[in-house]
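Taking it in order: structure first as structure tokens, then the write-up.
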Amino acid sequence: MGYVAVKGGTEAIENATDLVEFYRVRDQTSPVQLQQLQAQFRLAIDKIMGEGSFYAPEYGALALKQVEGDGLEAAFILRAFRATLSRKYYSAILDTKSMFVQRRISSSFRDIPGGQVLGPTRDYTQRLIDTRLVDETNEHIRAFLAGFASRIDAATPGEVTTFGKVVDILRAQGLLKEVRPEDRRVVDITREAVKFPAPRSARLQMLARAETGGIMALGYSSMRGHGGVHPTVGELRVGLVDVKVTDPAGRNRYIGRIRVTEAEMITEAQTAGKEAVPYYAIGYGLCFGQNETKAICMGILDRALRTEGNRAPANDQEFVLYHTDGIEAMGFTSHLKLPHYVTFQSGLSNLREAVDRERAAKKDQGQSSTAEPEPPEQPAVVFAENPDLTG
Amino acid sequence: MIAFQKFNTQFNFAFIDESTKREIRRKLLKAICIPGYQVPYSSPEMPIARGWGTGGLHVTLSLIGRQDVFKIIDQGSDASVNACNLRDFVRRTTDCRTTFDTREATLIQSRHRITEETLSEHQILVFQVPQPEPLRGVERYERKTREMHGEADYAKMWVSLYESYVKYGDIMEGAGYPVKVNERYIMSPSPIPRWDVPNLNHSQCLFLFGAGREKRLYAVPPHTTVTPLEFEDVRFRTEKFPGIRCAMSGAEGAFMDELYGEDTTSRHVVNDSDFLDKLLANDEPPRWENPYLREVLDGLDG
Amino acid sequence: MVRETAYDEVFDSQRHFRIIMDSMARPGKLNRLHDVVIHPPPEINPASALVGLALLNADVSCFSPADAEAVAAYFVANTASRLQPAAEADFLFLRGDAASGALAQAKTGTLAYPDTGAFVVIDVVQLSKQPVADALVLRLAGPGVPGEETVFVRGLNADLLAAIRDKNAEYPLGVDAILTDQEDRILCLPRSNRFSFG
Amino acid sequence: MAPDRDYVLCECSLEALKTFVSDQLLPYYQVNLTKAPATCLTMVRAEDSVENQEFYLGEALTTECEVEVNGQAGYGICLGDEPDRAYCLATVDALFAAGDARLPTVEAFLAAQWAAIQQRERLEFSQIMRTKVDFKLMEQG
């Protein structure tokens, strides 16, 4: 059944699948263990989980392995996997105040209650390539760990404490408030398509699952002048927060902890009228894992999307939210690789007729024109004018 | 010792979970109740990339049952690599019978074509739609296009078509030619060629449209008026293949692919692969009834 | 409250949905919904109960009148649907002999989002393509109908049909009706339908 | 403050937990598996810290399990693909619901694990606090 191309299609797919597997394993290096990826590629997996909107470090590691380290492709796999599971629980609202803090800084004040805790960061390291890692051995690792552990007196370690929020200081002084009302409905954009104007809950949810690079570009554009949000980091914290759900017996149960990054970006809120005080307001960023660029840019865009009257891209809800989902953007831009010959043929048919009309018109205008037929003036415009519909 | 299985992934019948299927089904009913109107839906992630047929798959997988016979075509061909991949996915998750034979199929998913063979009331055609909004070219904001549809305010669209006429001497919309459904909504028929557009009008079968990335579903029920946008003096026309014969079957009067060989000379082949197979087997399948096709076929007889 | 155990969440709902969809796409066509043994309360036609089982879940709300509370309780228990007043419910389950009060309150959606209008499931005594005594004559036209179709409906208060017509007067705003009878037949009246009755 | 039982069981060593449940509990009870461990999703809810605007952060992989011991239901829920842990959680939960005589053994296990977890966290936290910037020191220096 079917003519020649049929067999070719299926076979080519199967062979391509084998070939890509060949390129993954051809050098016969030892198989990468999930544990290794999970431990040593922590930040890659954090980013994948954030963009995949799915917190599961082990599966993040598996996805990363499966796709030879392509982060966006791995995030895509997590999202598709998520679609196979049913949602049984809604957690209690995360309490980031009681976070097990691993890192917490503020740019607003030099000293803050609890102090500036740098935590695990490469911000102040020089980005020089470290050739010592080329010959890293288990002995090196053990030696480092032993030395690291010895800096703490294991018999009397300090108590774990939590940290007050910088924004609470400003709020207590009455300096922090939103001067414009906001749609406070809580919607879930995975259950219904977003509608515009989108309530803030939908915007925050979409930004939390957006692609890091996408919101970074837009957040940056806003700071550079296209949107006028240039905030201060009120507080940036990274750490573990408890997740609690209600079990079938109706009891509140602890089910584990997840790592998140939280950014509170302080800006001046727009004033409502002449007499209004320019209060501070925050742009809020929160995402899975340690991904500070993302949390900061989410905070910038949260603010930028509440800025009225400025028509920069970063202020435009539809522009920002429709174009920063990495999985969707990747899918559609790469679908250009699919055949389009039917649509192309349809446009071609129009263009040929238009060209014929033009030539006929030129001929009618008189015989003075050169014998050489002129090229059509704007051949490309036929497709360019209607780019969306040819997909 | 306790040892339960980890990484124990199992997929639901037709992949999508039952709760989401119900949501999609309710939205499909609404789409049928308001022909041509785009219903927003959740559009869950699929293991197929956005823009590669996820909307069509959502519809197909919410509809499909064990008794269905499934056919999928991409740009007219059952053999296109993406069609092969999606067919394999549907078969793996449903165990359904698949076919290339248009006549035998109960559920057909298509990217960018309606079959040359007519479809009956026992068949459903599901389109994969890249951009469901016919007004996007004239208005970039969803909030505004929603308002325009709500108020049936299509002035901008008409102006744009008129400008095209003034500039190029014709309406230059190619594939995805905008239509009006049930004399109310302007709709994108998905990027089918104009050749196929008249077949949407008063068909026997149900047409469903899924735009996954844009999260919209819409429908054209059977026996529904679907008219391409046109002016009194600038009429809708289908593509023309005057005097062109299929290099394989010798047939005329079907949508053709234009092929170029090494020497850059062109030949044409019937685009619809199943239709071509049937022509080659001297099995002339029943055609759609529409005046544009009638004119072409009558011209051949003459 | 009876928990339906014979009903197959995957395959029964799929099959029934296809039948409902066929009816919605072809107003005037009478299909039947009846191949699963279920135990709905006596206040509702079994076919209407199957419509609910096929389409409801925790994401949508339903309504049944005060004198048929068992119906709503049945759907809450079997589909996790939520109860809402008639003015907010996504699905209204009404009896054909009822007054039109609840229906008059049903959601009709907005111009930007007309799909948020409600589904109204109405139990009648008998649906027939052939003339029957004491029946309303319902003439249907519009999308899905080749020309005009006639259906004879017994056990339906004409006020309800009038209320549906009023609700759908400002198309695309409106409600979408599903009628079932005591012999498991189903007939759909989407808002796009231009029906008359007498 | 009394340690939260679920917290201890979610954070303690899986090997220790499995050994304890296998050796100290399973031989003494008929544990009926009413719902085998299966993965599902928890939608994580969050809110901004100033206006308390609630929103959905994303979903977390979760394992749930349900058992019955002496007619008492026990529910085990934990993050990740952790069928063994969910089973152990459910079993312990059912025992507490039944208020059984072996509870002191369980309490002792919990107390020991709690101490181990605390020690682990204090050590980690102490290391984290070594990265705290000391401004006063900078001024004096």
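Per-chain numbering from 1; labels A, B, C and D assigned in written order.
We take it that contacts are C-beta pairs under 8 Å (C-beta built on N, C-alpha and C of every residue); 3 or more make two chains touch, one makes a residue touch a chain.
Values in this document were obtained by computation on a predicted structure and should not be read as measured data.
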item	value
Pair joined by the larger number of C-beta contacts - B-D, A-D	A-D
Chain occupying the most central position, where position means C-alpha average	A
CA centroid of subunit C to CA centroid of subunit D, Å	48
Interchain centroid distance [CA atoms averaged], subunit A/subunit C, Å	43
Separation of subunit B from subunit D, taking each centre as the mean of its C-alpha atoms, in whole Å	51
Averaged-CA centre spacing for the pair subunit D and subunit A, given as whole angstrom	30
Numbers and ranges of subunit B residues touching at least 2 other chains	7, 9, 12, 19, 23, 40, 146
Set of subunit C residues in contact with two or more other chains	59, 113
Interface hub residues of subunit A, defined as touching at least two other chains	82, 85-86, 190-191, 195
Complex contact set, residues of subunit A against subunit B	1-3, 5-10, 12-13, 62, 76-77, 79-86, 190-197, 318, 322, 327-328, 330-335, 338-343, 345-350, 353-354, 357, 382-383, 385-386, 388-391
Subunit A-touching residues of subunit B, taken from the complex the two chains share	7, 9, 11-12, 15-17, 19-20, 23, 40-47, 49-52, 54, 74-85, 88, 100-101, 111-113, 130-131, 133-134, 136-137, 140-143, 146, 164, 168-170, 172-176, 188, 191-195, 213, 215-216, 239-240, 248, 255-258, 271, 273-274, 276-277, 280
Interfacial residue positions of subunit D with respect to subunit B in the complex	18-19, 21-22, 26, 36-37, 39, 81-84, 87-88
Subunit C residues touching subunit B - in the complex, by the definition given at the top	9-11, 13-15, 17-18, 20-22, 24-26, 54-60, 110-115, 117, 119, 142-146, 171-172, 174, 176, 190-192
Subunit D residues within the subunit A interface of the complex	4, 6-7, 10-11, 39-51, 53-62, 64, 66, 73, 75, 77-81, 119, 121-123, 125-135
